[in-house]
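Two complexes follow with subunit A in common, the first pairing it with subunit B and the second with subunit C.
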Partner chain A sequence: MNQSVAKLLRDVMPYLGLVLLVGYFSFSSEFFFNARNFERLATDSATLMLVAFGMTLVILIGEIDLSVSAVVGLLSVVLAQMMVAGLAWPIAMVLVIVLSVAIGTMNGVITVYGQIPSFIVTLGMLAIATGLAFVFTGSVSVAILQYDFLDLFYSDQIFGLPIPLIIVTLAFLTCVGLLNRTRFGRELFAVGANMEAARLSGVPVKQRKVTVFAIMGLLVGVGAVLSAARLGNGAPGSSPTLTLDAIAAVIIGGASLFGGWASVVRTLLGALLIAVLNNGMVLLNVNIDAQYIVKGVIILFAVVLERLASGARS
Partner chain B sequence: MTSPHRQSSLRLVLTGITKRFPGVTALDDVSFDVRAGEVHAFMGENGAGKSTLMKIGAGIHKPDAGHIEVEGARVTLGSPSDATDLGIHTVFQELTVLDNLDVGQNILIGQEPMRGGVWLDRVALYREAQAVLDRLDIKLDARAPIRTLSTGQRQMVEIARACGETPKVLVLDEPTSSLGRQEEELLFALVDRLRADGVGIVYITHRMSEVFRLADRITVLRDGKHVVTAPRADFTREALIAAMVGRSVDERPSGSAVEDLHVALRVEGLARGSVVRDVSFDLHAGEVLGVAGLMGAGRTELARLMAGVDAADSGQMHLFGEPFAPGNVADAIAAGVAYLPEDRKTQGLILSLSVADNIALPNLGRLSRSGILSMTKLRELATIWSAKLGIRAASPQVAVDTLSGGNQQKVAIAKWLATEPKVILLDEPTRGVDVGAKAEIYALIRDLAAQGAAVMVISSELPEVLQISDRIAVMAHGRIAGIVPAEGATEESLLDLAFTEVQDGQGVAA
Partner chain C sequence: MTRFTRLALAVSAFSLLTAAPAAAQDACLGTAEALHLSDAQLADVIDRNLTFGFLTNNISDDFSRTLVAGGEAYAEEIGVELIVNNADFDANTQLSQFDALLQRQVDGIFLTAVDASSIGQAVNRANRDGVPVFIVGGAPARGEVIAVMNASSYQGSFDAGAVMMDAIGEANAQVAILGIPFALQTIRDREKGILDAVGAAGGQVISMQSDFSQDRLLELATNVIQANPDLKGIFATWSLAVNAATEAVEQSGRDIVIAGYDSEVPGYVELAGGDTNIVALSGQQASVQGRAAIEGLVQSILGAELCEEIITPNLLVTADNFEDSWSVQYPGAEQPW
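Up next is the complex of A and B:
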C-alpha cells in the first residue's frame, strides 16, 4: 500500500470506523440508537476510557502495561473484601487507589531501574495480581453491599450526567492538558522518541518514566473503583478484555508502538470505537469468543496500518 | 569531459539523470561517469543532490529521466541487488555492519559457504573472510566480534564486505566522517590499493584535504545541477569552494584576540575510569579553547563530565569561583553550562519533533510556570533562535528530519544557545555540514566568545581547531598532553602532542 494512502487511512480510521459501526448497529439492532443505551455505553466504558488514557502515556514513552486487567481484578477484590470487613467505603476506595498507584510505581521502578522491558515486568505483575486475587477470594466473587457506594458510582447523577462520565471527562481534559500544555508532557514526547537525546537535553528520563507508570496506576485505581461499583462485586476476572481493549484504543488512535507519538484525543476516539463495538456486539448477541477475534483483527489491522503509514522513518 | 581515448575503461556512466521528488527537483539533467582505476570525488553542499545520485547508482531510487550504462551496456537498476549483481557496491555513511555477529560473518553475509546446502561451513567461512581481509591488507581477525571493534575498524569491515569479489565500482559516502586521524590514513591506503586494482571509486566527502589527497577527478554539484567535472590539478582549494557554493566564502574568520580573560570554569584532577585521567585546566570567559586528539583520547568523555552527563570518579570543578558538581544535565543547564553532543541524529536532536520543540526542549523550565507551558513564549523562542542562526525551514513547526544536515546542526546548536549559557562545550560542531554552513558556524563560535562566553570546541579536524581556537588543548590517553596557543601551532605540532605517551601519574597541567 502506498504510504500516503496508509497515512490517510490511519488518520481517518477512528472517525470512519466509529461512523460505520454506529450506522451498522443502529440499523441492525433496535436497542442501539437511544439515549438509555448511550448512557449505559458511557457508564460501561468508563474504566476502559481511564485505562486507555493512561495507556496512551505509557505507549508514548515507548513502554507498555499488560497488567491492567489483572490489577483491576485484584483491586476490585481488595475493595470488596475491605467493605465486607466493615471498612467505610470512602476509606476503602482511597486505600485501593493508593495501592494501585503503588503497583504502577513498582512497574515503573522495576522497568526503569532494573532496565527490564516493561512488557516482561508487567507480565510478571499480571501473574502476581491474578494469583493474589484468587488467594483473597478463593475464586468466588465478593459482593459489595454498601449501597451508598454503588449508588454514587452507578445511578447518581450530577447536572443530569452519570458520575462516571464526569470522572472520565475530567480525566480526559487533564490528560490532554498535561500532554500538550505542560513541561512534563512535552518532555514525554522527547523521552519516547529518543531517550538519549532527551537525557542530554536535561530531561530526567527515569523520573519521567516512573511518573508515567504512577499516573497509569492512579487511572487504573479509579477505573477499578468504577468497575467494582458497576458490577456490584469484586471478582478476579472481572474485566478480562480490558488490557486488549485499552491497547487497541491507543493503536486505533494512531499512536506509534515504538514511542514518540500519541494523542489522548485520538485515543478517546479509539476507545469510543471499542466501546461501541463491545456494546453493539452484546446487543446483537455475538458470542464472546467471536468478540475476541473481531478485536484481534482490528488491532492487527491498526498496527499494520501504522507501520505502513510511518514508512521507512523508524 | 571524458577523454575519448579512454572510453573503453569507463565503468559506470550516468547520462542526463533527472529525479523529482514532490515539490523539488533533486537532480536536473546530471551526467557523471567513473573509470576503472580512478578515484572520482563527488562534492557539493548538503542538498546539492549527491546522495540522490548515489542512491540512483545503488538502485535505491529510479531516475525520472536519463540512462545508466555499466561497461558500455545500458542497464536498469530496479533494486539494490541489481546494482550489486552488476558489481556496483555502495558503502553508506551509516554503517550497516551487524554488531551481534563477528567480522567473518559480516563480510560473507548472504553468501555464507554451506555444507550439504544446509549447514554453515564455519571453517570455510573464516578462511574465505580472512582471505578477503588479507587481500585488502586489513589487519583484522575474521573471528573478532564486531562489538569489540572501533568505528574505523567497522568501516573497514563494511568495505571488505563490498569487496568480497573485487567490485567494478565502489561508492564511498563520507567514509571518514567518524574516523580518527590514524584510521583515516588506513582508509586512504585501502582506497589507494583498490584504485591500483582497477576499481572505479566514487568518493563523496565534505573535506577538502581528502579530495586533494585522493581524487583523480572532481565533480561538483549545486542545487541538483552539474557544475563542473575536471581533473584535480585544475582546481585550487578556493576555486573548489567557489564552485560548490556559487559564491566565494570567507572560510577563515580572523581570531579575535581577547585580553583580560578571567577563568569561567576551572577543572582540577577530573577523572573517570581509564578514559579521563587527572585532567586539570582553566577555561576562560571570552576564549575559544580547541580540544584536539585522536579518537578515543577522552575528549568527548571529558566534555560529558563537565556537562553533568556522566559522573566523575574524582576531581572537582569551579564555575566562576563557585563549586560546580552537576549531578545531571539539568543541573549543568541551570548553572549555565551547555553541551552540544557529537552526533546530532542520535544525541543532539529529536528528529521526529519540530524545530520549535527541539529548540524548546532544554528550555522548558524557563518557558513554564509551575509546570504549565507558555505556548506564546515557546513559539517566540523558536522564532528568535531560528532567525538568529539562519535556520532554513518552512516554519518552526516542521519536523527536524526534513531539514538538511547543516540546518539540523544549526537547530542542535540553537537549542543550546537559547539556554543562554556562560560556558558552552561544542563536540564536533561542524561534522557532516557543508562548507557554507561551516563558515556560518565558525562565525557564530567567534561571536559567542566575543560576547564573553567561554567556548570549548572538540574537533577531529586539525585545520578547524587551528582556525577557530585561541588556545588548543591536545588530549592523549585520557590526559591533557599539552595546551598551546593557536597562534604558532601547526598540524604537525598538535599531532606530535596527540601521540604523546604520558606516564601514569604525570598529568600535564595547564
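Up next is the complex of A and C:
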C-alpha cells in the first residue's frame, strides 16, 4: 500500500470506522440508535476513556503504563474499605485520588531517575497493586453501601447528562487544551519525537515525563472512583482488560507506539469505537468466539496502518 | 367473646402466622427438577417468543462450556432465543454486557457472575425494567434476583477431600490447595469444605495458591511440590486447577494424591486411564444447571415463585463410578476415553 494512502487511511480511520460501525449497528438493530443506549455506552466506558486519555499522554512521550488495571482494582478496594470504616465518601474519594497521583508519580520517578524502562517499572507496579488488593480484601470484594455515592457517580444526571459523561467531557477538554494550546503540550510532542533534541532545546525532559505519569495517576484515580461506583464495590482484579483496551484505543486513534505522535481526540474515537463494537455485538447476538476475532482484526488493522503511516511520516 | 373463643382465635392466628412461611417455602420451586416445565407451560412459552440473555463469567473451562451448551440446547428445544456472552473474568465487561441486554429488551437474564456484588447496580436497573434475573453463585448487594442457583459447594468439596485424606491414610499429612482468586461465596465454600475435611482427618494445609490460568496454576503446583518433599495431597478447587495439579504431579513422578472440585473431560480421561493419582472429583451438573437456568426464567415469567436458593446436587466421581457419573453429568455425550 502506498504510504501516503496509508497515512490518509490512518488519519481517517477512527472517524470512518466509528461512522461505519454506528451506521451498521443502527440499521441492523432497532435497539442501538437511541438516547438510552448512548447514555449507557458513555457511562459504561467512562473509566476506559479517562484511562485512555492518560495513556495517550504516556504513549506520546514514548512510555507505557501497564499497571492501570491493577491500580484501578487496588484503588477501588481502598475506597470501599475507607467507606466501610465509616469515612464520608467525599473524603475517601479525595484520598484515593491523591493516592493514585502518588502511584503515578512513583512510576514516573522510578522510570525517569532510575533509568528503567516504564514497561518494567509499571509491570512491577502491576504485580504490587494486584497483590496488595488481594491482601487487603482476602480475595473477597468489598461492597459499597453508601448509596448516595453510587447513585451520584452512576445514575444521577445534571442537565440530563450522566455525571460520568460530564467528568469525561471535562477531562477530554482539559487534555486537548493541555496538548494543543500550551507550551507544556508542545514540549511533550518534542520529548516523544526526539528526547535528546528536546533536552538540548531546553525542555526539562525528566520533569515533563514525571508530570505525565502524575497526570496519568490523576485520571486513573478518577476512573477508579467511577468504576467503583459502577460496580458498587471495591474488587481486586475487577478490570483485567482495562490496560489493553486503553492501549488499543490509543493505537486505533493512530498514535505511534514509539512516541512523538498522538491525539486525544482520536483516542476518544478509538475508545468509542471499542465501546460501540462491544455494545453492538451483544445487541446483534454475535457469537462470543467471533467477537474476539472482530476486535482483534480491527486492532491489527489499526496497528498496520500506523506502521505504514509512520514510514510516510519519516 | 368468651375466654374459649379468644383462646381459639389466638391459636388460629398463631397457627396461621407460623404456617404461612412454611407454606410459602413449600410453594416455591427449590430444585432443578421442580423447575421442569409442564406441557401446558411449554405451549405457552412458544407463543411468547421469549429472548433470554445468558452471561458467563468465562468460557475457558469445561463447566462453563457445558453450562452454556445445556442452556442453548434446551432453549432451542423450547423455542427461546438465547444471547450468550462471556465476560472473561472481567466484572466491568459483564456489567456492559448486562446493560446491552437490558437495552436489547430481553425477557430475562441468567448469569454466572464474575463477582455477585459487582452486578447489583445492573440488577437494580433490571428490576426497574421488570426483567427477571437468575444468578449463579451468590445474591448481589443491591437489587432483587428471582433466585440464586448453587451447587452444593461446601459438601462437594468436603466429600472429595474426605476421600483424598482417606487415600493418604496418614496422620498429620501435608496437603496443598490449588484454587482461583475469585470473589464468590461458592469458591469460599469450596475452600471451607476442603479445610474442614483436612482438619477432620488430622491433616495440615501447608500451602494455598490460586490463579485464573492453567499455565500459572501448573507453575504454582510445580513449585509447591518442589518446595515440600513431604507433600501427600493436592486439592484443586476448580477445573483448570485439577488439570494443572494432575500435570504437575505426573511431571514430578511423586506419589501425591489428588482430589478436586469440578469433574470434567480431562479428569474423566485420567480416571478411565486407570493409572492416575486422582482419587475423587466433585462434579457439578453443569448441563442440568444450564437447562434449569432457562426453566427458572420461564417459570418466573409464567408467575411461579422460585425459592431464594436452588441447589443442584454434586456427583462424587471416582474410579469406581466414573462411567455412570459421565452419563448423569453429560447426558447423551460420547465418552471421551
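Keep this in mind: the second predicted complex is superposed on the first by the 291 of 314 C-alpha atoms of A that agree within 3 Å, B and C clash if a C-alpha of one lies under 4 Å from a C-alpha of the other, contacts with A are read in each partner's own complex, and residues count from 1 in each chain.
Quick note on the criterion: a contact is a pair of C-beta atoms (placed from the backbone, for glycine too) under 8 Å apart; a residue touches a chain by one contact, two chains touch by 3 or more.
Every value quoted in this text rests on a predicted model; they were computed, and no experiment measured them.
J.: Quick check on the superposed pair: does A:Ile288 touch subunit B, subunit C, both, or neither? Answer first, second, both or neither.
T.: second
J.: After superposition on the shared chain, which partner residues are touched by A:Ser227: those of subunit B (first), subunit C (second), both, or neither?
T.: In the superposition, A:Ser227 contacts subunit C only.
J.: Looking at the overlay, what does A:Arg183 touch: subunit B (first), subunit C (second), both, or neither?
T.: first
J.: Determine, under the contact definition given at the top, whether A:Leu18 touches first (subunit B), second (subunit C), both, or neither.
T.: After superposition on chain A, A:Leu18 lies in contact with neither partner.
J.: Which chain makes contact with more of the residues of subunit A, subunit B or else subunit C?
T.: C
J.: If you stack the two complexes on chain A, which partner ends up touching A:Ala143: first (subunit B), second (subunit C), both, or neither?
T.: A:Ala143: touches subunit C, not subunit B.
J.: Looking at A:Ala262 after the superposition, I want to know if it touches subunit B, subunit C, both of them or none. Which is it: first, second, both, neither?
T.: In the superposition, A:Ala262 touches no partner, neither subunit B nor subunit C.
J.: Scan A:Gly237 for contacts with subunit B and subunit C and give back first, second, both or neither.
T.: second
J.: Please write out, lowest number first, the residues of subunit A touched by both subunit B and subunit C across the two complexes.
T.: The overlap between the subunit B and subunit C interfaces on subunit A is empty, containing no residue.
J.: Give every residue of subunit B touching subunit A within the complex, in rising order.
T.: Within the complex, subunit B touches subunit A at residues 309, 328-330, 332-333, 339, 341, 346-353, 357, 360-362, 364-365, 367-368, 371-373, 375, 401, 415.
J.: So in the complex, which bits of subunit A are touching subunit C?
T.: Against subunit C, the touching part of subunit A is residues 29, 31-32, 36-37, 40, 44-45, 47, 134, 137, 139-141, 143, 145, 147, 150, 154-155, 227, 230-233, 235-242, 275, 278-279, 282-283, 285, 288, 291.
J.: State the interface residues of subunit C toward subunit A in the complex, per the touch definition above.
T.: Checking each residue of subunit C against subunit A gives 59, 81, 83-86, 88-93, 95-97, 99-101, 103-105, 114-115, 117-118, 120-121, 140-142, 181-183, 188, 210.
J.: Quick check on the complex: what are the subunit A residues that touch subunit B?
T.: It comes out as residues 181-184, 186-187, 189-190, 193-194, 196-204, 260-261, 313.
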